[in-house]
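Both complexes below contain chain A, partnered by chain B and then by chain C.
Presenting the complex of A and B:
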């Protein structure tokens, strides 16, 4: 068989490594074979290709020294930085909050793993925990780590020596230039050279090719030049309406913290591409970020009407139902995911919890057993935490205590487990232990109200009114509608006034 | 409106647990549903894992190079 044909066949079947190997052999014989060269470029890109729309990693520096935001103090409901309590938002007392003050979502994407911290102090402190390492800037993040790794793996050095390339020559040949651009952008992560090539490329097509404009915009986005990025994208839309372009445009607007404009553009996109799921799920994500759960669920349901296998929509709706007291409905959605072939620890954990709260006790423990057998080291701690809750529900305090302990042995930054252990110790009457646990919990996770409130309650009982007052205030800061904290605060204020 | 006799008689329990005073107590953290991971996130994690393993393997194979001959 012709080796080049075989290489193409491997490429189509996404066996990129084999494809690249054959191309290397061919190129050794004839270094000027353009077809082979292009194919190898594309195969190497394919190995590390991640959809750029989804790929979004913010470093600490980007977040805190972010001067791209249009309004520093935005009106409530118009900013992703200060999520308000929108329509249908579930109380913090029911649905746990992430660090950014938003309810935990049913689905994680690269950009949503950990929320935006509010202050410098929080930002520097929280990412130090072992399980949420955040790069200082995205320039030092995954991009670079993957890039260097791919070079290490190649004993003869990089495939293309970018410094030696004459970009102008390549830019004139669209077939070569496009593959080369993707290689530079995705495989080498060399945004500056990619930008140079894209600029030459768009010039070579007399600024009429929408594709090059989108690529320019991608480079600008990575370089943090969001306004230039938006300009390129809008210009590209004039030539050709593409779903991808709308998605990038909305991503840039989200980065500028203009969620409502982003929604407008998503809707414009929907007019051109009616019932496209990536556009409507984008709207739903933004509403979720704004804490407007009613709207978010509405759009996720729209997505499901078109594509009833959309994992993100199903997972988010299920999470919403679980935390609005309908575990039976949530169970149905999660079962649907299981039928579709999603088979991982997270799903079995969620199934187990739903079964327990929907009173289907026979399935609960088997689900958790399966979850534990599938889990990796990050998830194990969360699963044990939930098993602890099941144990609390059936009144088995020893099992609960052990489960929370195992949670901590797997992840010793698990603030929720510290808090719950504190509660258990308090029931046993070990006040000192309880205090230590509560303190550990609120030091690790100052955004949760529970440890603050518990500490306040305990200190109040022990007569340490000053620290009780301070803690109660912190609890109210974290969760401003918590009645018990406010009640305690009022009592203490009354007490102090009497002195 | 004419006076009508109520059909049902009001009945208040006199013994047993008649009322419940809400005592503030400590609160537990809530159970946590785990978010599912998107395809690109899983792919990224997989790529990172593979890259790490590759680097580790190379370090094991030729330790002199990695440490620049310094022990």
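Presenting the complex of A and C:
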């Protein structure tokens, strides 16, 4: 068989390594074989290809040294940095919040695990659920590692020596130039050279090729020049409507913290591509980030109408129903996920909780048992925590206590478990123990209002009104509509003012 | 009849055309570094040139740098150092000489300093109080060397616990604990006579026999020994002394000393007393309040009192309560506005929300927003302008605003009506068909469901107990269960790599028992990590305190691999750790090449 044909076949079957090997052999015989050269470039790119339109985790540098913010204090409901300020936001008392005040999502994706940290100290602390620290910048976290990995696999140096390439020559030949660009951008991760090539490429086709404009935009995005990026993308859309372009445009707008503009563009995209799930799920994600759950669920439902196997949409709708007091509906959605073949600890844990709150007791504990057997070390603590909650629900304090203690032994930084243990100790009358637990909880997770309030309540009972007052104030800072904390504050203020 | 109204913001006008402010900004210096209270600000024509000056007694840092400052316009024209903390500043006419220049009186400690033409003129000292005979006797014995310093200390201590008011010298002596200090103290002071002096708490003026603006006035002082003194302005002798049940803090005076006068005194016990000429029994006209007083002003025949419970109360001069207004934030100070050209009278209330509310009667007519909390303000004539408001803020700023001559204040009653939240419906989800179906299933299979659940529950309990026992036997808990070792551990990792900082927080959770002989050590993969300190000795842990121990960890691998690290807290001569913390190490960042 013709080796080039075989290589093509490997390439189509995504066996990039074999494809590249054959191409290397062919190129040894004839180094000027353009077809082989292009194929090898594409094969090498394919090995490290990342879907650029997907959302990425914001790095520490992007968050703390953000110079793209237009307003420090945005109008309510227009910024992803201050979620929950718009209309119809869910209450923190009903649905737990992440550090940034955003409700926990039903689906773990980049950017949902922890919020925007307020201080450098918070930023460099390890986020609890992720079990990895945040990357320094999003430009380094993912791309550099992939780039270096592929470098190591080539002991005899890089395939293409970028320094010796004459970009102008390649740019004039679109067939080669496009493959070369992707190679430079994805494999070499050399944005500056990629930008140069893209600039020459778009010039070579009289600024009429939408593809080059999108590539230029990608380079600008990587370099943090979001406004230039948006300009190129809009110009590209004039030539050709592409879903990718719309997604990229919205990604840039989200980075600029203009979620409402991003939604507008998603909607424009939906007018052209009416049944595309990535566009409508994009809108839903933004609404979720803005804490407008009703709108988010509406768009997730739109997604399901087109693609009824969309895991993210099902999971998010289920979570919404669970937290709006309809566990029986949530149960239905989670069962759907199970039927689709999702088989992991998190799902069984959620099923167990839904069964318990929907009063289907016979299924509850079986689900938890299965969740425990499937759990890895990161999730096992969460499952024990939920078992503790079920135990609280049936009034078995001893079981609850043990479950929370097991949670802590699996994850030392589980603030919620510390808080609940504190409450249990308080009920038993072990004041000093309860005090230590509450202190631990609010040191680990200052964004949670519960330990602050509990600590205030405990201090109030002990007669330490000053710490009670300070703590109640912190609770109100964390959750400004918490009625009990406010009541306590009022009581204390009255007490202080009284003669 | 009293009513409690909730203070509401004046109804907002249409957003597009904001209401023009009724005040002109005359001067704003956010870094004037003036720290003062309302009692220590006054406005007066001290040079008799028709240009009114601003006189401020600056508290400085509270112990140093106390100054009397005089501003002409925005320029500081004079500065005099005050030795002790000033408690009040007034100006008064003490003679009938021409030109009519008033004197400045500054109350500070037991003294009143009089300044004339911006120069120190006279110092008045309060008459000394009677010293307890036993205390005097004790100090005499020390002087003669009959008793030593310890006996003196013991006796004085006894007298203090009996409730005798001691002199400042004895009180200072009781603060000393070192024997050498006590002997030295006695040596220095035993030969000077023992005096008991009181401290002035409030200062005001009272016209002597004429009611003109520039008539001669007496000084009225409230002191810490619960009395009010009236001083003659020419000879500086005490004209009258009045005793009160508590320490006076705010004074308000009307009338003339020789004819008829009325002194309203707010006291530290939360009562307001009215003193009149010739009336001995003061308890009759007493207003008792439920909260501490933060300010008191009088307008015509009504008394306005600001209390610590965020209320502004109004009383008639007879002591009848007229109304109470609840304010949104706590009150810092109040001041009266008497703007004669327009006949406008109101009360200014400074709040801790950095706002000044203007109340006409009980109606809120205006809000002045400031960029800091106002702690002192004075309304009156400044320069050549009649309606000037001088404000000092808690960060030391000075703000001067002028009331616009065209300003008109409309009063509106903004109370009444049910709150808007009453009409909001609760978001109760509908009962779904699914729920009904499931409830039906539950009803039909109740017994089997219960049995299954109970069986599962037993299994779960067993499983949990096993896990728990395992965690206990491995001491895998960050909190010890052993009652003899009540410890709690929490560990945090900070940093982005390759060097991380590990902070181990240890807390002794018992109430009284201290923990000793503890050690911290770590369990880690030495191919992956390098600890700068692998062993940390722990000092004695005092109950309730949080101890932090730190070490640095270096990640030796740049492939993005991470592992868990265990922290053990061990007791001497015991191989099993008391508590263990498990830390999942974050992935170390490689060098950033963009």
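Definition applied: the second predicted complex is superposed on the first by the 469 of 499 C-alpha atoms of A that agree within 3 Å, B and C clash if a C-alpha of one lies under 4 Å from a C-alpha of the other, contacts with A are read in each partner's own complex, and residues count from 1 in each chain.
Here is the rule we use: a contact is a pair of C-beta atoms (placed from the backbone, for glycine too) under 8 Å apart; a residue touches a chain by one contact, two chains touch by 3 or more.
Just so we're clear, the structure is a prediction, and the values are computed from it rather than from any experiment.
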{"item": "Which of chain B and chain C A:426 touches, first, second, both or neither", "value": "first"}
{"item": "Chain B versus chain C as contact partner of A:180, first or second or both or neither", "value": "neither"}
{"item": "First, second, both or neither for A:450, with chain B first and chain C second", "value": "first"}
{"item": "First, second, both or neither for A:494, with chain B first and chain C second", "value": "second"}
{"item": "Partner chain in contact with A:325 - chain B first, chain C second, else both or neither", "value": "second"}
{"item": "Partner chain(s) touched by A:22 [first = chain B, second = chain C, both, neither]", "value": "neither"}
{"item": "Touched partner set for A:392, first chain B, second chain C, both or neither", "value": "first"}
{"item": "Which of chain B and chain C A:312 touches, first, second, both or neither", "value": "first"}
{"item": "Contacts of A:416 with chain B and chain C, given as first, second, both or neither", "value": "first"}
{"item": "Those residues of chain A which chain B touches in one complex and chain C touches in the other", "value": "145"}
{"item": "Residues on chain B engaged by chain A in the complex (per definition of touch)", "value": "24-38, 40-41, 43-44, 47-48, 51-52, 54-55, 58"}
{"item": "In the complex with chain A, residue positions of chain C that touch it", "value": "269-270, 289-292, 307-310, 330, 427-429, 432, 434-435, 438-439, 441-442, 445, 448-450, 452-453, 456-457, 459-461, 463-465, 467-468, 471, 476-479, 481, 486, 488-497, 505, 507, 509-511, 543-544, 546, 560, 562, 564, 580-584, 586-587, 589-590, 592-594"}
{"item": "Chain A residues touching chain B - in the complex, by the definition given at the top", "value": "48, 50-51, 54-55, 93-96, 104-110, 113, 142, 145-146, 149-150, 152-153, 311-312, 315, 318-319, 322-323, 337, 342, 344-347, 349-350, 353, 379, 382-383, 385-386, 389, 392, 415-417, 419-420, 422-423, 426, 448, 450, 453-454, 457-458, 484, 487-488"}
{"item": "In the complex with chain C, residue positions of chain A that touch it", "value": "60, 121, 124-126, 131-137, 139-141, 144-145, 148, 191, 324-326, 328-329, 332, 358-362, 364-366, 368-369, 372, 377-378, 387, 394, 396, 399, 402-403, 405-406, 408-413, 421, 432-433, 435-437, 439-440, 443-444, 493-494, 496-499"}
